[in-house]
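Please see the structure below; I have some questions.
Going by the order they are written in, the chains are A, B, C and D; count residues from 1 in each one.
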Amino acid sequence: MKVRVFKADVVIVGAGSAGLRAAIAAAETDATQTVALVSKVYPMRSHTCAAEGGAAGVVDAKDSLDAHFYDTVAGGDWLCEQDVGELTRIEHWGCPWSRRDDGRVNVRPFGGMKNERTWFAADRTGMHLLHTLFQTSLKYPAIRRFDEYFLIDLVVVDGHARGVLVVEIASGEYTLIEAGAVILATGGATRVFRENTNGGIVTGDGMAVAYRHGVALRDMEFVQYHPTCMPGTGLLFTEACRGEGGLLTNRDGYRYLQDYGLGPVQDAPRNKFMELGPRDRLSQAFWHEMQKGRTLDGPYGPVVHLDLRHLGAARLAERLPQICELAREFMGIDPVTAPIPVRPAVHYTMGGINADADGATTLPGLFAIGECSSVGIHGANRLGSNSLSELLVFGRRAGEAATRLAREATPASAEALLAQAEAAAHPSRALLREDDRERIADLRRAMAQTMEDGCGIYRTEASMQATCDTLAELRERFRRVTVTDRSSVWNSEWFTAIELGYQLEVAEAMAHSALNRRESRGAHQRLDFEARDDAQFLRHSLAYRQADGAPQIRYQDVNITRLPPAVRAYGAAGLAAEAGEKA
Amino acid sequence: MKPQTKTVAVLRYRPEQDKEPFWQDYEVPFAEDTSVLAALNYIKDELDGTLSFRWSCRQAICGSCGLMIGGKPRLACKTFLRDFEGKVTVEALAHFPIERDLVVVMDDFIAKLERVKPWLMPREERAPEDGEYRQTPQEMSLYEQFAGCINCGLCYAACPQVGLNPNFLGPGAIALLHRYNLDSRDGGSEERMKLISAELGVFNCTAVGYCSAVCPKIVDPANAVNVNKMNSARDYFFRFLPRPAPKGGCQ
Amino acid sequence: MSARRPYIRPMARWYLRDPFFIEYMAHEGTAVFVWLFALELLAGLVCLALGEAAWNGFLAWLDWLPAQIANGLVLLMLLYHGITWFLILPRTIPPVRIGHARLPGWVLSAAGMMAMIAASAVLATGAWLLARGGL
Amino acid sequence: MNDPLKRSHEPIFWLLFGAGGMLAAMLGAMLVFLLAFGVPSGLLPAEALSYTTMRDFAGNVFGKGFLFAVVALFFWHAVHRIFHSLHDIGIHAGLPARVLVYGTAAIGTLIAAAALLAIGF
């Protein structure tokens, strides 16, 4: 098997917003270097494009960095560290942020945030952000793109990440990209669940690759459900629907959120109240309504109503055009005249590759940023619009740090690198063998179902144990998986199989991390341990892969610099708690 | 009750086996909300793992899944089986070389996007500390629609001039160019003029207009192309005169 | 060596592939009739320059039945040209805005066609006045 | 196309095409009608197309200008479209075809100018 070689200084895998931001930062830090930017899809296809609502950044005078810090940390249930955004720079690169009449950038409210600080570009924020970054990246000759190249493995020599092995999807040929530093920006992993808001490419590849090389996956039990998604497809109706004043009602037309500590009912949208409470609370409230039989029945199971009718046709067309289009085309429902049936679906992986504020991991030379990483800002529950800001902030820091590191790195021997790369290629080749036993689609379906059953909105010891067992069995069956396609040109079935292998590993890390956390916190809610337990679990979980068998789960202390743990309350109770603290 | 099924005819091409493309029929169960993309995924998962196609977001925003469906350029994820009588034909995007099955070679298209210098060349340099550029909603509305392009390539599959002359820059890339030219923060119109006026530029367009008719994001690339004919003509005749303002946009 | 072997589909008879293209070819085809009409007018001008006899010959040609039929066809085609020209117009001119909103294309097309009717009426009136020795 | 970045000279022809197209759209149909059917239909009096009326019209500066614009621009509009349609149906004729097609417009323009000058003022 022939492996081509490309020499770069920094290699970045993933060309979503995180990867692109890192590439630009690296190219700006040192224009003479070569920055290889690898992506299994063309950059503008990356999943960042699906983000609708906006990105958090403090612009209003009445707002402050401290307030954002408080909201982020409180939203994350005291598992967070800090930082905030560089959205102005993106504006300077041409992003069409929505504007006020005087020409300044406009901001909107978002769930779990007290002040309006979410920058948005109509309801296509992610798409505009991604395209702006991609287009801006084109002006840097230092950036050499490898579009539609698939990450197979990291190449590690002498305990230092030295590059990556990739396959060109169009030809099936291997390339070793050598570099002094590697940045993983491969996005989330929610496709391991059945019903979810994410695109088909969100399969946790980078997480699995880092994990295989001994880097811990942190806080993997925290998986965010988004409360307002389309039944069946899982497509998302952005939080902005609620920011603009959308209401959630049950089968009796009753705004049920007031029964779950988010009241009292407000006439106008009010931050941290009712529909603008955090996602985990809203998803959990749905679950309770379902238990009480107060949801409605749809063809894909129980639903509640997202009611936008009172906003009127003009406002809907101006502020939420894409939402209206989705509802009309996919469901045949016009939000102007009818409420939209919705239910929660898996949306975001809060956890990821354990990394510090520069994106550096425990493996020298390896960085991780974006949704595939866990730099600690989301804790147990990410707030809407914080992750786009995260991509930019940490993308930039990692791009700069990786450049510095690559400059200092002493080159590894070319033979050692090539030998490593060739060895790394073997497992992927091995998938292309003749025997016909396990089908990819069967394994994938079983994995997604067991994750939903065992690690859903509410979890129990028994459900999670069953999931762990099923995953172990699936991992066994995966050894016999079959790829029927034998060609080398655009063999998408082969890549699907490799992705499935990645997904199974990530799913195991999630399930075992969840099983071991015997408390309820943020997105991790257990029926058998309903309370938060700071004494034992005010800690990050770390999942380490074991060669064979279940991952090992360890814990790491949370770095609490400014805000001590307190009750996490919203609605009127939230105001009371805040008043109490100030007193 | 037996679920309804529909025949989906797919144009297959495997470069290592087939001399040229051929049609293959698949029988697919469907409901009211089954998209063509869902049908293709069903085929891949249950009937034939060797069928290749691009997709990701399922919600008409990533621009991956452009195909000829029923003979017209469409996004597979927002085209529904319910809208077709009888057999549904699915073929790789017209005017692009077929790499394999429903996957086309995008290299040339991407190169054209790169070529139009689609980045903000600030009229006035500004540091992030100085805050944002002011831009009124009015100014933004001039280019906003062109910024909605998702690079899906449907307009290239619609435009016969692209098929006849692969050198033609094409509607999507020109829409992108126009987007920056119309941005009040940008001062790069003059630099991009060379491309518009070149032999590969706007004058290859004969105002067929199908590009705008198929665009899933209502970008109206035909307008971008044709408005730039006027800009280019103005540049052609008045290029020797001193220019009053750096902004080349016509509005 | 890569196994890639991209297949390029032929463009032959592309204009029959889609009703949209058939219409396009049809309205492009009106150019032939515009050309013929220009030729007819040119012939008339030359006759006019050659003197009264020649001009009367031209008028006789206009009265000849086959020429009348041909001119009927030219008339229809120029009408079709006019209508399609204004249908395409919104794609070719800079968007017209009222406030933030872009005027829908059909408004521009309709305005164009109104202008066409008005201009034609002015032309006919002018010709009538001219014949009356007025103007 | 050897250098695709070479400046195209299309603007000249395109402007003529556009002007002619607009004129033909606005007035073309009515012109045909008046010339061929105006008198027979009874809309115009019989003397409308008489030698003297037409001579006077063509002798007037504005009449001259109008007639010249109509004939020349209609030609330029038509040949531009015809040339591109040839390309569309797969006849990618190069310079010779261009000269041939656009040549008719050029010659037509010259003859029209000559005739109008001959008619005098």
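In this text, a contact is a pair of C-beta atoms (placed from the backbone, for glycine too) under 8 Å apart; a residue touches a chain by one contact, two chains touch by 3 or more.
All values derive from a computational prediction rather than experimental measurement.
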item: Most remote chain, CA-based centroid, reference being chain A; value: D
item: Comparison of A-B and B-D by number of C-beta pairs in contact, larger one; value: A-B
item: Centre distance in Å when chain A and chain B are each reduced to the mean of their C-alpha atoms; value: 28
item: Chain centre separation in whole Å, for chain D relative to chain B (CA means); value: 37
item: Gap in Å, rounded to a whole number, between the CA centres of chain D and chain C; value: 11
item: Distance between chain centroids, defined by C-alpha means - chain B, chain C (Å); value: 31
item: Junction residues of chain A - those touching two or more other chains; value: 170, 487-489
item: Residue numbers of chain D (touch at least two other chains); value: 84, 88
item: Residues of chain C whose C-beta touches two or more other chains; value: 3-5, 11, 15, 28
item: Footprint of chain A on chain B - complex, ascending; value: 14-17, 32-33, 44-46, 49-50, 52-64, 78, 80, 99-101, 103, 105-106, 110, 114, 117-120, 122, 126, 128, 131-137, 139-140, 143-144, 147-148, 150-151, 176, 180, 183, 185-186
item: List of chain C residues in touch with chain D within their complex; value: 11-12, 15, 25, 28-32, 34-35, 37-42, 44-46, 48-49, 52, 55-56, 59, 62-63, 67-68, 71-72, 74-75, 78-79, 81-82, 85-86, 112, 115-116, 119-120, 123-124, 127-128, 130-132
item: Chain C residues within the chain B interface of the complex; value: 3-9, 11, 14-15, 17-18, 20-21, 24, 28, 88, 90-95, 97, 99-100, 102
item: Residue numbers on chain A that touch chain B, as the complex places them; value: 41-42, 44-47, 49-50, 86, 88-89, 91-94, 96-105, 122, 124, 127-128, 131, 135-136, 138-139, 147, 170, 199-201, 232-233, 235-236, 322, 325-326, 329-332, 440-441, 483-485, 487-493
item: Residues of chain C that touch chain A when the two form their complex; value: 2-5
